[in-house]
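Next come two complexes built around chain A: one with chain B, the other with chain C.
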Partner chain A sequence: MKRPVLVRRDRVLPGSQAFAFVAGLVVALLFGAILLIASGHDPIEVYGRMWSSSFGSTNGLGRTFNRAVPLALAGLAVAIAGTMGLWNIGAEGQILAGALGAAWVARIGETWSSPALITAMLVAGTIAGLVWALGPALAKAGLGVNEIITTLMLNEVAVRVVRYLLNGAWKDPASLNFPVAPKLPEAARLPGLFGRAHLGVVIALVVIALVAVVVNRSAWGYELRIAGSSGPAAAYAGISLKRKILTVLLVSGAIAGLGGAIELTGNAERITEGISNGYGFAGIIVAALALMRPWAIPAVAVVFGAVQVGGSSIQTLGVPASVADILQALILAGALIAGVLMAYRVRWVSTRAQDPSGDGLEAVAGV
Partner chain B sequence: MPDAASEDAVLLRGIWKRFPGVVANAGANLRVRRGTIHAVLGENGAGKSTLMNVLSGVYRPDEGDLVIDGRARRFSSPADAIAAGVGMVHQEFRLVPTFTVAENVVLGASPLRIDKRDISARVDALADQYGLAADPTRPVWQLSMGERQRVEILKALWRDARVLILDEPTAVLTPAEADELGGIIRRMADEGRSVIFISHKLDEVKAFCDEATVLRGGKTVAESLDVREIEPTRMAELMVGDAGASVAERPAPHPVGKPVLELRGVNALGSRGLPALIDADLTVNEGEIVGIAGVSGNGQRELADVVAGLTPTTSGSIVLAGVDVAGRPPRVRFKAGLAYIPEDRLGVGLAPALSVVDNAILRSYRAHRRGPLLAVERCKRFCEGLVEKFGVKVGNVDDRIGSLSGGNLQRLLLGRELSGEPRLVLAAQPTRGLDVQGVRAIQQLLVDQRDADTGVLLISEDLDELLTLADRLFVMSEGRLLAEFDPTTATRAEIGAAMAGADGAMR
Partner chain C sequence: MTKLRRLLLLLAVFAMIAAGCGSDGGDSDSASTDDGATDESAEDDAMAEDDDAMAEDDAMAEDDGEGHSGGAADVIAAFIYIGPPGDAGWTFAHDEGRKAAEAATGATTLFIENVPEGTEDFANAARDFIENEGANLIVGTSFGYMDDMETLAGEYPDVVFEHISGFKSNDSNFGNTFGRMYEPRYLSGMAAASVSETGQLGYVAAFPIPEVIRGINAFTLGARAVNPDATVEVNWTATWFDPPVEGNSAQALIDAGADVIAMHQDSTAAGEVAEAAGVRWVSYNSDMSAFAPEAFVTAPVWDWGPRYTALIEAVGDGSYTPGGYWGGLSDGVVDLAPLADDVPADVAGQIDDLKGQIVDGSFHPFAGPVNDQDGNEVIADGETPDDGSLLGMDYFVEGVIGSAAG
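After this line comes the complex of A and B, so read on.
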């Protein structure tokens, strides 16, 4: 008799994470197909529509890229903290804070030239995201307060702050009492790139490249990776963990804040409560699938952007948009399972040597 | 179902358990008679924990037989072991802090409908039966460590464990609590249960246990010794190894220079917040190897960490190469000329998830900077230089460090530390777990350092290594540095007696 046993591989297979990601995608599409059939839809038609709306045209591709920008920046924010083993669950709130900061600049800078205004908005958004991460960063570095809880709770605060402003000081007088802010002036809108894609795509790529270089090539990033691999090893090397925790959480918040500012100037007409749209939470999935590696984030973010754009396009076929959420979750689940399995190989072992009913044993044991 | 014909409660034969790069058990044996308290002795890394995890169903052995109450078993989970009557109290308790004592005791083994009052009464009755004073209605987070341990023992008794494994149970107890525990387990043994008592405190083994089995290097080196008849010094010897096992010849003596490390009245707390290093006075001079012997867990780790700056001192002064470093961060000490080979190579000395290059530059990366970036080529050349000079076998310097074998890890670590031309080399268990060739190479490097007028502080559990290499020798016991020995004249028996706490300085 032989039975299979999972044995951990001594070293990871090359390219296994990319394979795991694709496997997750396939698993998700298969399960999704079952769900679609069960609810009376034709999966080929639905998937075809998702494909053509997200990749099938210049405009579609632009929409997908625009979606990918906040996903990628939120993912990058989570990933840079994750490099050190910290979890920034607050990208959602930091995106809102960034959008708020940018919107505030747009309110006071109505007379500025467009490039100056947009630059100021992006800077303000970045700073606002950093400020939103300041409390959790100080608490974690100084007192060891769990950053998962504090960053998560500040998401709720950010939502309430936006709601307060939209119902009060920032309410559009012409909105007939609806809680919405006035539209942004044209000067505050990010220039286009191609089709519907805006310049934010380029900004995001530059930021990702910059972070990738910093993490992988700089002394600062090296200290970050050491601290992420082993806290005691970092202490041994004379690296101050407190300062690293503080700086990395602030940078993380700043990146998410920039994402919020880009979303506002590039994609939204005005600030709304829903401007963060779950990007901060989806960013956690993006970062996890990219294994916290900055350079892997764009690909993952584009796939997620396509799933989201495609997901909203299939509503005209009578399929609820939540299909996109289900697919995202299934991609993650499938890729995580595949990723774990890739770390193992199957070994067939003989069961006879240890079989309690075997004859050989009693002679050995002398019972 | 117990087989009345067999008086063995536990019989383990030829247990092998391999992990990537490590053989934790290499044919270990254990025989525990019913109604006895059986000590399992061994240094850290001797394979005690692995063997107990095999017995309690956490690990499946690669080879070997496991017989409980006369019946051959194969456990595929701890639940199987519990069903067979084997219970284990781990060093880290596995309790739900917000649950009450009674709820913790019955968790996972309760009737479907829990009547709180009924359960509390039954747990209380069980506790009374064994003298395990514990209020069943109190939440666990309010309890002391000693009380929590009693809850763990109650958990095992509730599941009717006939074999109870206690993994270093007295480590968290005050001396009075430890004596109380001795009485409790004796009562259990008198009832026909068997207790396996893992420890390296020999006085407790002598006081509480009937028989002892000694493990070393994953093998059983002495089985079922009668504790009443054997001297603690002999047990200490068995744990640390026989004379003349693996060590090279004694190197020629070398002239001694100025002090490079002076500790005066140094005190420090251990990880549990109890005093672990007490009034340490120690001097290491240039060109000598000072050895620290002792059974592990007697303050050696704290001594090393205090010198390296990883554990704060509560009082005392530390002067390293003329610099007062007490209270200063690790970097100051390395600038002053400290090289540190920590006991935990992977995790403290090396960052396991990173590449060989990244680990090679851990000390010197600040010197490899070009602007804010690291000069990748220069880092690589530095690493390749170390690899070549210290004979590290490595496929590709960009591979993860975790893929290297133990001996190669240690060579890289030692090479990195020595490349900074240190004044003092602090080596904690530098040869543990290495093969003979690796042991020789590391020992030679330490002697070479001494001969280059560096001071060497060598903390080791291998008494032969210390007797061969050290110019002066101290024994650590219960956080204190005991009398100095001259390794050329001291006998193993004298040192063993001091290690076992039989020295006059004790208690």
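After this line comes the complex of A and C, so read on.
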């Protein structure tokens, strides 16, 4: 009997990640074409619409960029924690908290000038995201409590805080008792950039560039990466792991919170429970595809955003949502699988033999 | 929404595992920092090219929309759904209405399902329908689409936007439609109480908004018209469509002693739980008797076909005038599904009589006196509430167990 194990490649192929990404996309699109033909649709027409609605027009590109902003910031939040080997699964809740903080500023600052109001909203959103990560950060740094559990659980708390406010103190008096917040004032709307894209695209790029520089070029970032690859080695070198854990999780939450604030001022008419829309979870996929490297995040987020925007658009052609969903999942899974296969190869081993390199799939699954 | 989140969560878990492999690989790559710097500039170049490409394609974005004059057959009506038509519930009822209207008018109808509220997705879908498919009637079937529809109506003055379940409109091309579901709800409450042995009824309810509260109250008033001691316990799910949550909610009510479960939900889960537990079930949205044949009592149901037909015809001949359409049993937009055989004949007769009286306007389910949960009179004897107070209803009537604040 033989069974497959994944064995790490001796050397990483040059340019492999970009190649893997593209190869994964192509294979997924081929599988998708079979699926489309089987369900009675013309793949050329469907892929053509996917392209034109996401990249091939100014408005489409605007949609894609707008969608990429929360995906990128959520991805960056996950990635910066991931650099240190930490998993922030709470970006979803931190985005909501950020939107909540921004919405609160919009409530008290109705009379402020637009630039002042928007700036204050973004700052408040950033702080709110940071505060939402504070508990898990302290618990992890101080007591070693698993941050995956705490950040994940706080997502549910964030949804319920929003729901509580919408059913009570924040309920719009003009809403006939529907639990919705009042509309944002016009001054709280983020200015446009081009087409339907808003200024959040630029803000996100600046933040990503800053984080990329800090992670790759600063002493802080260097220590972060050291701590990520080996905690004991970092501690031996005199790096305070507790402080690193604390700051990196707080920065992670703050970035996600900023994403929530941008989503509110850029896209939403008012705060709703659904404003985070799964971006926090999608951010994990974005970060993984970007291999936790900040500079790779914009490209991955734009592709991810295009897949979502295009996947929705082809439904208006008559493609069922289920087929569109499968197509989106195929594309993302294809890129992920290709990424793994570029770093690993499959080796068939006898069932009786031990895992030859000691870091086969079993080891991986334990991560 | 929940479906999307589950899909993303699943992929995310997969991504975490994959990243576990990937980061190992990255660490073994000693020159990673330098690679990073060069790849970064390559990235920027790619972005810049994108910008150029998009500028060139500007011209393509111009819409080729010409007004559709002709009759109803020339109307292209696009429906934007919150859930899947396969839910057998809310979206299913709308989709049946869409098909009926298409058959009746010869119009082209299109639809998109699972469009979440409060995101750009609604506006994107509506624009796609208008700009690419030439739609001149957009129907949005969820409350949370209201703001987007209002904005888009201003942006596309030649397209009619009809919003289901909202309260906003303009004076040219944006109106709202809903039904007086409280009328058949009242009748279904009578049927429920007539088959209950304990007088303890349960109600699986989505969100504490006026529409749902109104339905619970009407159901309770109907139940207490048959059995003055009947109580209705409410269990909130905070979701319109999430079968496991709805099923758990029904089970909790059954465990607390309810022997009839009513619901304001979009799936059949509560009915399947009721069937398994050997209790009875009042479904909603459509006649769901096939999903729980033993448990099924009756159901307040939607019939959107006539309304959508009228809308398409009005858009086709240019006679559309926006406003608040709130049809009841008399218009046929809401109805009561057939009763189970074991509903006593006298109660079935009463239900039939009252239905006739609601249709001819001689009976109103909320006719006073009506007391609230705490026994305070909220509607005086001989009075009937106006539409405004019905649309904003925020209290439970006597006999309801639970909080109207959710």
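One rule holds for everything that comes next: the second predicted complex is superposed on the first by the 323 of 367 C-alpha atoms of A that agree within 3 Å, B and C clash if a C-alpha of one lies under 4 Å from a C-alpha of the other, contacts with A are read in each partner's own complex, and residues count from 1 in each chain.
Just so we're on the same page, a contact is a pair of C-beta atoms (placed from the backbone, for glycine too) under 8 Å apart; a residue touches a chain by one contact, two chains touch by 3 or more.
Values in this document were obtained by computation on a predicted structure and should not be read as measured data.
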Next item on the list: Would you sort A:Ile34 into first (chain B), second (chain C), both or neither based on which partner it touches?
Entry: neither
Check: Which holds for A:Ala235: it touches chain B only (first), chain C only (second), both, or neither?
Finding: first
Margin query: So in the superposed three-chain picture, is A:Ala116 touching just chain B, just chain C, both, or none of them (first/second/both/neither)?
Written below: neither
Check: More residues of chain A are touched by which partner: chain B or chain C?
Finding: C
Item checked: chain A positions touched by chain B in one structure and by chain C in the second -> 8, 228-229, 364-365, 367
Notebook entry, point to check: Can you list the residues on chain A that touch chain B in the complex?
Noted result: 8, 10-11, 213-214, 217-220, 222, 225-226, 228-230, 232-238, 240, 353-356, 361-362, 364-365, 367
Notebook entry, point to check: If you look only at chain A, which of its residues touch chain C in the complex?
Noted result: 6, 8-9, 12, 18, 49, 52-53, 55-61, 63, 66-67, 82, 85, 87, 89, 163, 167-168, 175-180, 183, 194-195, 212, 216, 228-229, 267-270, 272-275, 277-278, 281-282, 284-285, 287-289, 291-293, 295-296, 298-299, 309, 312-313, 315-318, 320-322, 325, 329, 332-333, 336-337, 339-340, 342-344, 359, 364-365, 367
Item checked: For the chain B and chain A complex, residues of the former touching the latter -> 3, 6, 11, 13-14, 20, 60-61, 63, 65, 67, 70-74, 308, 310, 329-331, 334, 340, 342, 344, 347-354, 358, 361-363, 365-366, 369, 372-374, 376, 399-400, 403
Notebook entry, point to check: In the complex formed with chain A, which residues of chain C make contact?
Noted result: 1, 4-5, 7-9, 11-12, 14-29, 33, 36-37, 39-40, 43, 46-47, 50, 53-55, 57-58, 60-61, 78, 84, 110, 112-121, 124-125, 127-129, 132-133, 143-144, 147-148, 151, 167, 207-210, 238, 391-394, 405-406
